[in-house]
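Two complexes, one shared chain (chain A), two partners (chain B, chain C).
What follows is the complex of A and B.
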């Protein structure tokens, strides 16, 4: 599950969250940024009429109008059309000590973490003034192959996370809680007897097929086919042009309406 | 419970085929919220809006485009996308084996259990062989009209399959362009001593999702009409660079 701070869209540059990471008495200002980008060839939804890109907006069905971000609140459903409304401040009050701080409780050996716990990866980048302590934490964890274990709250969720060193950076992996891991006893073989001859045969095959992990070798077949299709269409010059409008919707709390209006002005000026 | 099988087929390695069924290994149950309009508490819907005309656009007027450069698109029809779907297959093809520690956590997307199918002989032998060699099989398969890359691993008596991310989906740490800050050996030494002092075995069961319970408590309180005390989030004062060594020393003194 991806971390989400609500209805907003996030961009790498802006950071998903900003706060402090701490261990013992050391506190480092940081930003959380994404570490993965869904690689499916991404298409834009367009308006068939003018080929203008479509923007995802929240819409109030009763007033039949778009709702700006500052009029969006979170509700917990208690019955049909009945909600308990919770403000961001109230949500932060649930665990105020964890909403702006990633406090490393203890360090662990990264190899002790079973990969089944891995959920979603992010990077932490240092904010101004935090660069040195950040480098130190990354370097000492790299040398010891250790990771810091912490809990922190973002939006309505609390995450258990492992912070580790990766090529000079700090990566943050959200972990599943152990209660989220399904038991595997039921699917385990009734008879787990291993025949040594068969096992030796397997080991021989594994040995013959052993190599280094080079993920670049494997490409998504579907993506490859789509790219081929797009190349073909490009050759046929099957392109359309949209009226110029400002780039992608920005991150979360910016005033999207203002951005839109600004871009509309630009469009008009350029004509 | 591990739930129903979501896929059934064979693991292929070399000339051997091991029958198995795929099950989800992880289930998340979290409190769900809806987005409401603050003025009338009506549940909001997502709506696609034309960036140019600023009007809602119904489904039938929406089309898909691949952006070449600013405002230039190649239009793609749903039928064309369907043709790009991978062919259905019942095979998890193992291409090679790697040492477990070679796969960084950043690649892991989702874990599945593989339930053995009859006969058990190959399955059990593979579990044992992977464990003894500390190896994982890099494999590909097709499921739900998507092609997957994964790592086949042993865990106790069973095989697990971890869906991995494709290499080009992972943003490299180098692209963050972090500054290279010189650190003194003394700072590194004290920092290392400190994290060694704070090291404990990884015991995931120790960590409960207490927040979920507290959140439910908050919702119940509001439902009863009680007032919620607003607590300010704690903010820590960043450690100044010229105070780093001093702070590390003070930390070490505290834990030693």
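What follows is the complex of A and C.
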């Protein structure tokens, strides 16, 4: 039974994509690998009465039955009971072409990118032969405090990404498109009269509570507790077993059964 | 934790805890395990090639907890070949393909003593290249009963122009493989066929054979587990070690050999140890080679 207690600290070398970072005349072969592994504890859904693992199926409420995959299509809902149907071919026709490059369009100041734009982080690992150019780019970007803004196709989508320097290595973070960011105009209150006395008191409090960012100090407590609970139950042998699936007897192609029975008669005779 | 970095075929591999005894009642360390897999690699690799490996890891040895790992561990060297396979929920999962010696060494170093693979290759997951009969003895039945059933199976299938090949499971049972190696075969066919065979066997040898999964039917009988013929199931790979008190191996046996051993009524002789496995394979070659190449057709479906 597998019960790991948390994400490892070693660099994950799980290649998700491989290709090149390119700009101007530079091309650096790299592999994209995961930078985070969410520590969620996931559960299987079981049938309470006999612990059989359950499957998700698509259910048609009108016919009151399960719908097989070849009868399932996609519809975009435009109103109550009104849809626009899109076929797989139509969706494919608008998907970006697969590409093997992370094309840097411009170099930007990472400070200018509000963290609200950050979507998902990855590491970039140099592929064979690209180590030197990789280190050069990482070093120069670090010194100049710049990040490369690039377009990049992964799976079915084209992403806007930032290629950043990170302690001699390169990381890549996918960014939200600006239209995905919800408006914030009404969030800051209008009448913002602030007394200078209040201001300095607030400043003082913040100063007193200032610390270095040490994420190791914090952990997902609920996850820790769940893992602890699972370990305890495992030790107490509080595990259950799903029943073996019993299939009905009989049937089978008539000719095959007849031929097997015939062959069996001969086997028995010769023994 | 002790670590040693080694180089296999020009690729760096960090080996850990080589002195750890993973079969404590017998005395067989991680180093011994790596040595066994290195020695048997020439024979086992063709049978692992391009198949989604399921690791069965025993980090604290065969007497302690184990876990199955279908997903290829994320902390893997960059040279490990992987592929994506679709899970039941439609999501893709990255799995390891053990296609070379380095990967085999790396997997063994993870204390994956047992190597389990599907009957289909990863790029054609719905096409089994063989049909299997997993012979599993119930309480008060033993591997000699399995041998009897295997020999009847061989004779039953041979007039249908189906050659079959047997190996020990490395535990208590035997596995009989019928190579097919045709791209139009489906698991539905191998399941239908093997189930019909199992039921005919059960009808004709009711005291020896059951085709039913439930434990209460298995007492004193050999269960012919035909349901292994499924894209979601895996079998222990031929030449893999098993996690038992001793390092026994799932090992192929020539039919003549099995007939002899069945006649001698000594179940111990049907348990092949690591040392015997390596020297016998070196002397006789791969007795399971035909399973990978022989093309046969399932008739009357």
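In this section, the second predicted complex is superposed on the first by the 161 of 271 C-alpha atoms of A that agree within 3 Å, B and C clash if a C-alpha of one lies under 4 Å from a C-alpha of the other, contacts with A are read in each partner's own complex, and residues count from 1 in each chain.
Criterion: a contact is a pair of C-beta atoms (placed from the backbone, for glycine too) under 8 Å apart; a residue touches a chain by one contact, two chains touch by 3 or more.
Computed from a predicted structure; not experimentally measured.
By the touch criterion stated above, A:55 is placed in contact with chain B and with chain C alike.
Using the contact criterion defined above for the overlaid structures, shared-chain residue A:37 touches chain B and also reaches chain C. In the overlay built on the shared chain, the residue A:125 is in contact with chain B and with chain C. Of the two partner chains, chain C is the only one that A:15 touches; chain B does not reach it.
Shared-chain residue A:153: touches chain B; no touch with chain C. A simple residue count on chain A separates chain B from chain C, and the partner touching more is B.
Of the two partner chains placed by superposition, chain B and chain C are both touched by A:244.
Common to the chain B and chain C contact sets on chain A are residues 1, 12, 34, 37, 55-56, 125, 244-246, 260, 263-264, 267.
Residues 65-69, 72, 74-78, 82, 88-89, 94, 152, 155-157, 159-160, 192-193, 195-197, 199-201, 204, 211-214, 227, 299-301 of chain C are the ones touching chain A in the complex. Contacts from chain A toward chain C in the complex involve residues 1-2, 8, 10-15, 31, 34, 37, 55-56, 125, 244-247, 249-250, 252-253, 255-257, 259-261, 263-264, 266-268, 270-271.
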